[in-house]
Structures are given as C-alpha cells and as structure tokens.
Amino acid sequence: MTAEKTVSAIPDFRFTPSVDQVGVEERASRFTKRSIKTASKVSGLKLALNMIDLTTLEGKDTEGKVKQLCYKAQHLHDAYPGLPTVAAICVYPSMVSVAKKALGDSGVKVASVATAFPSGQAPRDVKIRDTKFAVNNGADEVDMVISRGRFLQGDYNFVFDEIAAIKEACGDARLKVILETGELGTYDKVRKASDIAMYAGADFIKTSTGKISPAATIPVTLVMLEAIRDFYYKTGKMIAMKPAGGISKSKLALHYLVMLKETLGDAWMNNHWFRFGASSLANDLLMQLMKDKTGVYQSGNYFSLD
Amino acid sequence: MPRLEVLKTYKIYIGGQFPRTESGRFYIVKNKKGVNLANVCLSSRKDFRDAVVAARGAFGGWAAKAAFNRGQILYRIAEMLEGRKAQFIDELIKQDSSAADAENEVNLCIERLIYYAGWCDKFQQLFGSINPVASSHFNFSVPEATGVVAAIAPQNTGLLGLVSVVAPIIAGGNSTVVLASESKPLCAVTFAEVLNSSDVPGGVVNILTGKPSELVKYFADHMDVNATVYCEKDGETQKLIKEKASLNVKRVVLYDKINWQSDEGQSPYFIMDTQEIKTTWHPIENIGGAKAGY
Amino acid sequence: MATRKNNTLKLSFETGWKYDPAPESKSSAKIDPRYELFINGKFEKPLSKKYFNTINPATEEKLSEVADANVADVNKAVKAARNAYDKVWKKMPPKERAKYIYRIARMIQERAREFSVIETLDGGKPIRESRDVDIPLVANHFFYYAGWADKLEYAFPNRTASPLGVAGQIIPWNFPLLMAAWKIAPALATGNTVVLKPAETTPLTALKLAEIIQEADLPPGVVNIITGAGATGAAIVNHPDINKIAFTGSTDVGKLIQRAVAGTNKKVTLELGGKAANIIFDDAPIDQAVEGIINGIFFNQGHVCCAGSRLFVQESVYKEVIRKLKDRLETLIVGDPMDKNTDVGAINSKQQLSNIHKYLKIGQQEGAEMYQSSCPLPSKGFFCRPTLFTGVSQSHRISQEEIFGPVLAIQSFRTDDEVIEKANNTPFGLSAGVWTDKGSKIFNLTTKMRAGVIWANTYNKFDPTSPFGGYKESGYGREGGLHGLSAYVNLT
C-alpha cells in the first residue's frame, strides 16, 4: 500500500480541475436516457442488490434492530432463489460487534461510520479512537466524514492530514471517505475534496452521510467517478465509489450502473469497487425482480421490512 | 507679376499613403463646358488588389477599436471637413455645381458624418439582442463588421454619395476600398486628405479613381473582399456583381433607389447592411437559490 | 490491486453487463406506400407522373415512394402560393396568421412521437435525438414565430415591415423537419406564402407536416410542399414568380444559387457549410469539454453544418484530452437508429457514406493517424465508426474540407494567438467552440472568432430564439430569433 502512494507526487489542491455545472448535468442526464430492458435489467437489478451497504444509522438503533437487519442482509427474499446478499451492513461503532456476530461467515462485510459521524466536529484524537474502536470490534470498513468546515476554510492540508491519520488508524479495514457533498456547495469543491481524499489514502470516496439533503445525485457521483478515473490514470491505483442517500428506486440504481459502466468500465462493476449506501433500495429492487419473474406488479406487503 | 498658382496633383489613397496608380495611367476630368480640370489616376486592378491588402490589414485593428473611439474619429472627419469646406465647395463648383448646391452638399456631408459618428456606439444596442433560450445558457447576439467592403460610390455626386456610402461602412468597423465617381473625382481625393488628417488609421478607407466599367468585375470577384456595394441602376452590372460575388459568397448591397440628398440617405440600417450577427452561448450555473440544490 | 505504469493503463468498457436491444415501437408511424405533391391544400399527383423511392438508410429497405416534381409541378405550386398570397394570406389580420401557426405548433406536439419515429426511419438519426432534440425544437420554433406575427412593428425600429411574397425554400437531409420549421415558421409569421422542397433522401416528415397543415385548416396554397431532387430545386430557384429563396445545404450549391438569381430581385438567404474549430484550453473543465467535443462531432453522425470538426487542443493537456476522447469513443453505441440506446445512427445515404470513406482514405494517405472506436457495425445499412484523426495540420484536406460525417481532425496548439489564427484560417465561418474556465479569455476568443455562432463551454445548442447563420462562405442571413424575421420582410 505504501508503495502506491509514492507513484505520483501530491498535487497542489488549490488547482484541482474545474467542473462546469451545466455540462456535467447534461452528461448525467444522458445516462438516464439509457433504456435497460429484459435480461440486462434483471442482471442489473441483481448486481445493484449485491452492491448495497444496507444501512441503519439512527439514534434509536438497538441490538435487536441490527440483528434483524443482518438477517435481511443474508436473506433478501427467500421466495426468489439464487439472489445475492448485499455487500455490507453499515452501522454505528457501538453496533459493530453485534453485526459482526450476526453476519458470521456470510461474506457480508461490516462497515462502521466513525470520526464523530455525521458532523465530524470532534478533535482528531477522538476521531482516531472512534475509528480504532470500530476496527477493534471487527469492522471491515470504516466510513469517515471529512471536516467540511476546515475544507471550506481552505485548510486543505488539515483535511488531508486528518484523512491520512484515520487511514493509519484503520489498519487493514478499508476506508470510505464521506465528502458530504450536500454541504460543499459546488461541483468544483466536490472534485477538490475527492482529490484530497484519494491522495490522502481513501479506499472509497463516498458522497454523503444521508443526514443532509441533497445527498447522492447522478451528477455529483459522476464528478467523483471522473476524479477516480483521473487518479487511476495518474497513479495506477483504483479507488472505489459509494453514492449514499436518496437512492431508493431501482430505475435510479440502474442509471448509476449505466454511469459506472460508461465512466470507469468493467473493472469497477462489482461490489469491491462500487456500493450503494441505501436502506430502502433493496426492497424496490426485489419488487422489480419479482415483477419481472411473475409478470405482475408487486405490493410492499410481500417484502420484509427490517 | 501675378503669382503662378500651384496646381494640385490628384493621387489615389491606399493604406494611408498617396501613391500614383501603379499603371501610370491617367484620365482627364473635364467640366460640362469641356474645360480640363485635372489629370486623375486611372486606377488598375492591381491598385485595387493593393488597396484590398491595405484594407485587410487595417480591418482587425479598426473593428477592435472601442465603438466610442470610432465615433470620435468619425466626428473628427466632420471637423476636418468643416475646416476645409471652402476647398470642397470650390471643387464642386468646378465640377458644375451651383454655389448654393455646392455649399449645401458639403454641409450635408458634414451632418451625415456627425450622424454616423453618433451611431457608432449605439446601433449594437438597437440591433443586438439577448435571447431567452430555454436551456440554462446565457445567449446574446451582436452585430459585427463583415470585413473588407468594396464599394463603388454613387456616380452622380462628387462628395455626398461617397460620404454617404463610406460612413456607415466604417462606422460599423469595416474597412473599405471605394471607387470615386468617375466624372466627379476631385472631392474624393481631397476627402482622402481629410481622412488622412483625422485619425482614421491608414488602410481603413482606401480611395481609388478610375472607371467603374473597368474595375467593377474585380470589386465583385476578389476572394478577400467580404461585401460589395453598388449604387447604380444598371441591371447588367448588378447581375455581373451578383454572379461574381457568388465565388466566395460575398454579400452584395445595392443602393440603387436611394436619394442621398434626403433624409432617406442616412440610416442605421445602412450600417447593418455590412454587419454580421454573431450569437454567443455560455452555460449559466444554477446552484442554490430557488432550485433545489444540485 | 491494480498498480501499473500509467502509460500502459487502459480502462475496459467491454463489460459483462450489456444493454439489451430497446427498440422504439414503429406502431405510431403511419407511412403511406406513396406520397403525392402537397399543392394548394391537396395532395396531387405529379404532372411529371414520376416517383422515386425513399429508403431507411439503416436497413436499406424502401419506406415509401414520393412524387418527383418537374417544372410544371413547380409552376403549379408557385401559382397556388401566389394566389394564396394575393387573395388570402397577405390580407389576413396578423393575429389570425399567428393562430394558425400556433395551431400547427400544438399539433406537432401532439404527434411528436410519430414524427420522431418517421424522422429516424427516413433519415437514420438516433431516435433519442429525433425525440429529444429535433421534434421538440420543431414545435418550439413554430410556437416562437407564431407570436411574432402580430408584433412585427416592434421588431424593426422606425420601419414598417411588409412580406416579400412567395418564398421558395430548399432544405437539407440532416435535420429534415427542423429545417422545414426554420424555413416555414418565420415565412408565415411575416405574411409570406411558401413552396418548400425537402431533400430527396428525407421527404417523409415534411409530407407528414403537410398532413398537419391540412388538418390545421391553413388556407390552401399558403404552404406547398413538393418533393424532388436537384432539378426540382433548380426549378424553384429559377422560377420568375418567386420573391425569396431560402436555402440550407452545401456551399457549392449555395454558390450556384447565388449565381442563378443574379439577374433577379429575389432576396436570398443561404445557410451553407462549415468547418468549425472547437478549441480546448488547458484550464478548461476537461471532462465537460470532452463531452462537448463528442457532442460537437458525433451528434447526428456528424451530419451537422456547424459540427466541431476541427479540434484544437492546447499542448499541455493534449495527451489527457486524447485519452479521454478515446475512452469516451468506446462507450458510444453505434447501430440501429430506432434503438433508444443508440448514440450514433446510420449515415444518411450510400452516397454520403462513400464520401466519408473517401475522406478516411485521404486522411490516412495524408499521414494522419486514424483511430476508430471498436464497436461492431450492423451488417446492413450505411454506418461509419466514430473516427478521430490525430497528427493533423491545417494543410491536411481533412482539416480544410467539410466531411459531414463522424470524423474529427485534431490539431494541437500552444498559444492563444496561434489558435485564433488557425481557427479563422478557413473560408467557412459558421460556428466555433471555446473551452476555458477564464471569463476574460472566453470573451477574447468569442470576439475574435469570425463565425456566426460561438459556443463557449458548450456546443451544438439550438433554440428558436437564438439566431443561427454564418460568416464568409458559410452563407448569409440568419434563421431563428428576432434576426430571423429580416430574411422575410421588406422594410420601408
């Protein structure tokens, strides 16, 4: 891992590439014009299911709730044989050990938010302890938030160093860096934050906490995918992507896959390199799959709510 | 012993210089009574070629000048003309005008130049537009000079026609090569001296004397000329001009029904006759405000 | 984890997850086996008694046959138009004219699906473009000009506008119905009557428009639509009772027309060819610029007079831009125009395809490096892979001549001065593109480009309110917007 960091010099983040809002939104809307039918629809829906980070991030989360969710993660809809599991369960650090136990050797990963999620307004040592707590409890992945205040103040080195410090605290766990794009204001800033995160050691870049609106959108995700592509061409290192929040419908998820396919291509088309941070998306995907299988429109009553 | 008068040599005006025609040819201008008035350059197609080179060279700088500045220069031409009024009246009288008509014509030319001086920084506002396109773009259209305009001045006047044709061409930022009235060329050459002393950059206006019948073909077929202006009713010549103009899709402007003496002899629409409309698009970022974020 | 030297890095867009065919239904498109000439409000058999086939360029199958108008047919159409002008249209109160045009706009909106499908079947353009670009713009264009009909006294300060009379209009095959709208809408709004000839390879949507005109109860003869090839066009151009010629097409034909009408008082507007420079500076929003390049040259298979067919990339970002372009090329879907996912459809005709192939050969012979996307092409129909030429100079024919296909000639540049000079170093002057994040540079470039439409940080955008037309050999006169009205009026 350290060898990869030396592949290229760290750029001056004051001069990250600019993004034209109207242009990027036009491109984004082109993805939504793709028509995904028949077999490609079914395989797309299944792929999307397999990319979900099934998430519960509530103050009222309990062991019971997390266990139920973990069961759902492994048994999405038993009436439809051969379905994949989701990619991961995403919880608060206090629930990591519960989730880890509940998921056992299912292959479903445990992701934990950390670093004073969602605001990130805590001292660095607290964030590091938060991270280590999650990792020590068995988290496979850590979803950190960047310090948006410091970023907007122009303290790019602070943001960079903080990410690097959390990356170190993660050990072998993969680090997802949440930019909270809804608070950054412009695509230029999203691009800049993406570059900072990747150069500082992020394994994933992630749009949102889900606590701020707007959360993930197609254009904002496109800006980040393009940052990943440029980083890959510069360093040879692949970075994973996770749009989170606001993706609850199958059609939208398929459009994200279209965007992924046409921006980064084949190597990213799996849950090691792409995730959906979502809670209600799974059931919508399941309903679409069942509709395709049975030929009739589905009701929510036939799909478990956990 | 009476003082011997110094006679004026009537030369042509190319690129801010007063050369003789490269051909060495001349023709004799006479008044109605058959009195010889002057030997005038009989310009050749090569003179025209040289004038187009000068006009092309001057075009960029002239078009790029602030419109306000062009207005000041046109006004300056009027000032210079006012100062040399007597000379022009004298020449017009020599070329068969009555004293009253001559003075009237020169006055009208001065007024006309001031009229167009005022238009230099206004016609864009009148004929440009902001276009409310349906997408998130800022879109506007502005008139821009078409380039090098080759004009054959109205043949029936010595000064008024020339000024009336040249003023809107240069007010709009074009450069021009203009062929003076064949029978009344004296004022055209003197007008070149006025231009030369009134901050008009060399090459913006080039004035040739000679025969339209000989030169019209070149005015219409030169590939580095963007527009041709013709003011006579002669249908055959009009046809020739339009045919030759098609070689490089020249704009052809015909002023064959204009009474230059009247108010209809001046108009911002004449400026627009040698303008192009350029439309520019640029995205408008739309972040925050009434629309729900991005 | 992939860690390789970055000069060997390549993204693969050949993914396991593929799009299945998503064909648009043809059921909404009613195409008759034969179309007559639309003259004086009726479909009339041609006096020529001749017909020619129109085919689907994506399948080479015959769609229908249309009448081939001869001189006598043109006479008949002009007579109808003159009659309608004298007896009805010029006397009609402008606000009534407006309502007819509004009605046409609305009926096009209602039948948008049908028009889109037929446009794609007849011309080969992707259904996505007919549906999302062409047909909506057609309806909007009629709607925009309808509103002008009773407001002309505001359009020309200190002047009174009056109609010219009968307008002869000849339109190309690249945007068949859109070009018909660009011609007919302002002509009607200003009180002229029309004889319109669509291109011989794409006559169907204009004939469907004739059906709408009939349905809209437009007085007979106000719009006449006659089909045919070059000879029919020539008969229109040379007709003594036509007051105005509006032509969109090649510069060569435009010059012939300008010459042909030389001895007449016909007013002419010409919208001709182009070879636009699309200029990418190193401070541009590169990813959007790449999209602009793609949209600039591959929109409508590059059959666009304002296509950004000469790309200039600043040397400091040259490699990056070329790499991104090549990646983007791989994701363009070429094929069945009726498939909703198709990005690049069929070349309009066999003749045009062979013309494009000719230039591909020339480019290679000239020593330019050709790169084409690896997409498969359908076995039938006329198709061409999206193509880039690098290592091109101004002296190459592929950077001087209009190819009118999906072929991009790429040059690098170093300084602003250099690129301005090269961009203007062409007899054409229709359009140009500029990409930079610096506002003052944008305005320097947009001011210095000698072209009628300049797109800054965008490309190939059209709108009814926005005037379109060229400098130099790209033609004269404007279509669209306030300025589009002057082509159809006398001012006194």
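A, B and C are the chain letters, set down in written order, and residue numbers restart from 1 in every chain.
One rule holds for everything that comes next: a residue touches a chain if its C-beta (ideal position, glycine included) is under 8 Å from a C-beta of that chain, and two chains touch if they have at least 3 such contacts.
Since the model is a prediction, treat every value here as computed from it, not as a measurement.
Asks: So, comparing C-alpha centroids, which chain is the farthest one from chain A?
Replies: Greatest centre separation from chain A goes to chain B.
Asks: Which chain is in the middle, if each chain's centre is the mean of its C-alpha atoms?
Replies: It is chain C that sits nearest the middle.
Asks: Looking at A-B and A-C, which one has the bigger number of contacting C-beta pairs?
Replies: If we tally the C-beta pairs in contact for A-B and A-C, the bigger total goes to A-C.
Asks: Just how far, in Å, is the C-alpha centre of chain C from the one of chain B?
Replies: Computed value for the inter-centroid distance: 36 Å.
Asks: Suppose each chain is reduced to the average of its Cα coordinates; what separation in Å results between chain A and chain B?
Replies: 68
Asks: If you average the Cα atoms of chain A and of chain C to get two centres, how far apart are those centres in Å?
Replies: Their C-alpha centroids are separated by 43 Å.
Asks: Can you tell me which residues of chain C touch two or more of the remaining chains?
Replies: In chain C, residues 457-458 touch at least two other chains, as defined above.
Asks: Please output the residue numbers of chain B that touch at least 2 other chains, ranges allowed.
Replies: Expected reply: 135, 137, 283.
Asks: Out of chain A, which residues touch more than one other chain, so two or more?
Replies: Residue numbers touching two or more other chains: 20, 22-23.
Asks: Okay, in this complex, where on chain A does chain B touch?
Replies: That would be residues 20-23, 25, 182, 185-187, 213-214, 217, 219-220 of chain A.
Asks: Please output the residues of chain B touching chain A within their complex, sorted ascending.
Replies: 135-137, 283-288, 292-294
Asks: Given the complex with chain C, which residues does chain A contribute to the contact?
Replies: Chain A residues touching chain C: 3-4, 7, 17-20, 22-24, 26-27, 33-41, 43-44, 47, 226, 229, 232-238, 257, 261-262, 264-267, 269.
Asks: Across the complex, what residues on chain C touch chain A?
Replies: Interface residues on chain C, with respect to chain A: 1-6, 9, 11-22, 128, 132, 283-289, 291-292, 323, 327, 331, 340-341, 437, 457-458.
Asks: With touch defined as at the start, can you tell me which chain B residues reach chain C in the complex?
Replies: Answer in residue numbers: 64, 126, 129, 131-135, 137, 139, 141, 146-147, 226, 235, 238-243, 245-249, 251, 269, 276-283.
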